[in-house]
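One structure below.
Per-chain residue numbering starts at 1, and chain names A, B, C and D are given in the order in which the chains are listed.
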Amino acid sequence: MSQKSLQYEKKEYVKTRTMPGSWYLSSYKYKYNFSHFKPFFEKLKEKKLVGLQCSSCNEVSFPPKLVCGRCLIKPDRWVDIRETAQVATFSITYEKNPQTGETEEKPVVAIRHDGADTMFLGVIDPSTNFHDVYVGMPLKVKWVENPQGNINDIDYYEVINDKAKNMEIRKE
Amino acid sequence: MEKVGIVGYFYVKMKPELDYGRYDLVFETVRGALDSAGLKKKDLTTVISCTNDYYDGRTISNAFCVEPGGAYLVDESKVEMDGPHAVLYALMRILSGNHKLALVWAGSTPSCFPYDSTQLYATDPTWERPTELLNQMVSGGLQMKAYMNKYGIKVEDIAKVAVKNHKNAAKNELANPEAQLPNISINDVLKSDIMSDPVTELMYAQPCDGMAALLLAPEKQALKITENPVWIKGVGWNQETYYLGDRNLHESKAMELASKMAFKSAGITAKDVDVAELFEHFAHEELIFSEAIGFAEKGKGSKLNSEINGDLPINPSGGAIGGNAPCATGLIRMIEAVKQLQGKAQGYQVKDAKIAVASGQVGFCAQNSILYVLEKGGN
Amino acid sequence: MSEKLIIANKGMVRAEFSFWVGRYMDKFYDALEKKKLIGNKCPKCGDVFVPPRKICGKCNVKIALEEEKNWINLPDTGTLKNFTTTFYKVNERGTRKVKKPQIIGLVNIDRSNTAFLNKILNMEPEEVKIGMKLKIDWSEKTKGDPSDINGFVKA
Amino acid sequence: MGRQTCVISAGFSEHASKRSDVSMPEMVSEAIEDCLKKVPGLELKDIDAFVNGNMPAFEGANIPELWMTDWLGARNKPLLRVTTGGTTGGSVAIAGYYTVAAGLPGVDTVLAVAFEQQSQGDTSVGLASVALGEMTAISSLGLPIEKLRRLVSAGAAIGIASYQATNYMRKSKITEEDLARVVVQNRRNAAKNWYTHLKMPNLTIQDVLDTPYISFPLRYGMVCPASDGACAMLFTTEEKAKEWADIPVYVNGVASVANQTAIVGYNAAGAGQLDPSEQLGSQLSADLAFKQAGISFPRKEIDYAEVYAPFPNQELMWVEKLGLFEMNTATAMYKAGVTAVNGELPINSSGGVNSTNAIGASAMERPAEAALQIMGKAGNQVKKAVHTSLGHGWGGIINLITMMVMADEPQRKFR
């Protein structure tokens, strides 16, 4: 790989002193209401997925949302969500590993479950080559053996055979 | 100035620590305001929020509040000052004719952030911040001393204001429970712990959790929504210089200029005012403000009878001493003034209030002040 | 509804900042490092600022950095304009209450027209009087930052 | 109700990666000086009110406008502070417009100022703090910290931009070369503009493609810099504008429609923006602003556009979403030179955000440049006469948008 940054016409400025300052975010607390997550967690224990539906606009959020922004009410209807999903969008990040100093490629995949109207970040099957990931790629939930009732119960998403793949010309 | 009406309002009961998540709190407040006017989300055309990135501990603090704050697919913006400044922006949006119903929400939760440190972050970082000397308490101490020395005011006169506000707060069920002290005496105020001499703890508006929301609509729409709206007749806002050493701390230049502007646009004088709700960070600030607005002559603020049944009731709701939720405090003052004009202030109602003023402030010793003139509408 | 599930977490990080002081303050700190106090003067109204500023807020006039006549050497003595005694210490992390109060004064350096905040040292709160003469207590090792001034002591 | 509002001037400070010679207020006063210089006869005392804003968490100073009152020239004047993150500049400009348009007595001339001195702060922590609360909340639900780190890198602006790039590239079938072409145009334009940061007069497409990936499909050479800088805009009423300016620029439409937050969803839940390149908020903002400005065919009526595009794929995306080109044709337009300085519809002749990005100020520099192009005073003035132009801003968690449509003649509002 060649140079990282490109050369440009620089102007030098006088360097003056600096005064230090810090912002201690460790003195802050962040409060969240997760009451609406309870039934979702309960169902995860049974290896079932549920989403929260707004009774006014019928939008299904998965994972559940506290407020429906469109109607400004709290959604209160639980609906079943299928285990199959699609890649909504993805990217690859390049991070430096602090131990080895090497740049590592990491996939970041946003997933939308069939039956849900929202997406969230998920982990794709580590054995697949993530360079092959494309928008609309079909996925299926791979559960852990003993669900504990938290987000980690979904181990990762495995890739399922895409029947439309060969027909889809604009895969890339 | 054309008439703009306040058609709905809501604020959450202030507490030292509220049992809400952040978005929960925003949602409850905004929903409450809409419900108070019997409106729906789709009626909103613009939303102005008022929070502070350093109070929320995050940058772009309004970005995540789009949905609970009712701003989804609505013309949205954020003012990072006091609540009334956000109302000012909403007011300007309505006056321009582009918008028909504006929502303003403001508030923060000091139980989750170091309030005094955030004030330290606001000092001049090239000279004052490294010394870690200046903060709200110190600025209040200097201001009170300057005021007392200039006019020869006794500390009891200032404690009297704190007593009045704590007693009034006891009648206001939405005030901070820690500030609701019905049996407090002047001696209690003077005996409480010294914060920054001569300011004692009970003269200081302790930060607490709270959030408030307000709905504004132009005249025609306001009359459709409610029978007794409250009209915004005038507004003035102003900022004086920053360094305490450059300023005369015994007076409030910013409030003086702001009130001049507000009264001019409303076409009234200070004498016409029936009730005032002022954001006083300290007990003495109420006196300084009432002199700056022109309720009393310079140095005579403590002579004014400002009890609920007095000549000019000031802060019948308990004022900021009765509950100071940063960003929301000024907005709550406006809401309380609206309640007085609508006759809805149960327990602390001022008789026959027709015109009220409400103020907000930002900065050390109220560097930026804003004043509203509100008028009773309908029957 | 079932009972609420509220989660409160602490932020884990700290953001570091370094504020450029600009050339006016840089010159001031250079002098401070040599235990000297300098200020600059508005060419229009003649007000003297310490620490120096680029713009006189009263006249909205730019005070040129390069012109030597705008810069003034000042004594390290001054008059106490106002003071307060505080039991609270606030830093960037939070607030704590202390037993021994700190006296913070607003001191007007002689021949200047502004006042700045600093500590008043070696005095009991009862001794301090507005209008008294004070002088700077320099720190032994100067670094060219605000800590070069330990505070003010009786002149 | 309401009144006609005009821009009569705009000014900038010099932008660089480190403005180490000035403190924050001194940098701001440079921009104000440049702004007032362009209007002979107007002094600071003629200004009735101020509006300002920045992105405070990037600079470590809370409500800094209190401290810089004197440097702004705002002593004993009304002042309002508006901040909305990445769109701060645009929001400040819009607030400046509304302050005049409201017609409050005694408030006629308003100076709007936006600034950012990023070299003072820690941009990565600043950006992470956007969603820090969300991160800690998710972690307490049981997600391990190593997964979270990936979330953080996705939460930053670059991560979101690469999502957009992925989706956009798939839909419009463009290549990385097309992205690089946009970069080259911007940086070469920047070389002709006096205040910009990345001046690269001899940049080629191959130079850009030779740099490594920062986040697929974006490369280091395509990404915006972090700059220090300030921008000021002067708004006034129609009557006063005619007195002071040769060509008063009428602000005919403004909008700032917010969409749902994306990616790291609100309250750690799913996000409703399924396709980050769809940008419903910007489409609605454009509709609203064009409606106010009486523009029915933006493609024909807009002569010049400044869009907020830190990354090249966004520039292509925005010009389509804002209705300046047909969907999926922007690349061809860049190839054909339609968007160049001497083209039919020049875009980002100033060099754009891709070359100069002082975050808080960037979104104001867009309408400021668009206004200056109408006045004929821009740093890199386009060849054709500009009658109608637009300035656009983007920020938040890809959900906040600002739009300002300007013209040399007023759109009268009949009410």
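By definition in this document, contacts are C-beta pairs under 8 Å (C-beta built on N, C-alpha and C of every residue); 3 or more make two chains touch, one makes a residue touch a chain.
Treat the numbers as computed from the prediction; the structure is a model and nothing was measured.
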Message = With centres defined from CA atoms, tell me which chain sits nearest the overall protein centre.
response = D
Request  = Could you tell me which pair, B-D or A-C, is linked by more C-beta pairs in contact?
outcome  = B-D
Request  = Could you work out which chain's C-alpha centre is the most distant one from the centre of chain C?
outcome  = A
Request  = Please report how many Å separate the Cα centroid of chain A from that of chain C, as a whole number.
outcome  = 48
Message = For chain B versus chain D, what separation do you get between their C-alpha means, in angstrom?
response = 33
Inquiry  = Roughly how far is chain A from chain B, centre to centre by C-alpha average, rounded to an integer in Å?
reply    = 41
Ask   = What is the distance, in whole Å, between the centres of chain B and chain C, each centre taken as the mean of its C-alpha atoms?
value = 30
Inquiry  = Can you pull out the residues of chain A that are in contact with at least two other chains?
reply    = 14, 16, 18-25, 27-34, 37, 65-67, 69
Junction residues of chain B - those touching two or more other chains = 20-23, 54, 57, 66-68, 72-73, 112, 114, 117, 119, 121, 125-127, 129-130, 241
Task = Check each residue of chain C and list the ones that touch at least two other chains.
result = 4, 6-23, 25, 57, 92-94, 145-146
Query = If each chain is a dot and touching chains are joined, what shape do you get: line, ring, star, complete or other?
reply = complete
Query = In the complex of these two chains, what residues of chain B are touching chain C?
reply = 19-21, 57, 112, 114-117, 119-121, 125-135, 137-138, 141-142, 145-146, 149, 193-199, 241, 243-246, 249
Ask   = Can you list the residues on chain A that touch chain D in the complex?
value = 1-11, 13-16, 18, 21-23, 25, 30, 32-34, 37, 59, 61-67, 69, 88-95, 106, 108, 110, 112, 116-121, 123, 134-135, 148, 150-152, 170, 172
Task = Sort out for me which residues of chain A touch chain C in the complex.
result = 14, 16-35, 37-38
Key: chain C residues within the chain D interface of the complex   = 7, 9-25, 53-58, 60, 62
Request  = Report the residues of chain D in contact with chain A in the complex, numbered from low to high.
outcome  = 14, 16, 18-23, 57, 60-61, 120, 125, 129, 132-133, 136-138, 141-144, 147, 149-151, 153-154, 159, 162-163, 165-167, 170, 173, 187, 191, 197-201, 203, 207-208, 210-216, 220-221, 260, 263-272, 274-276
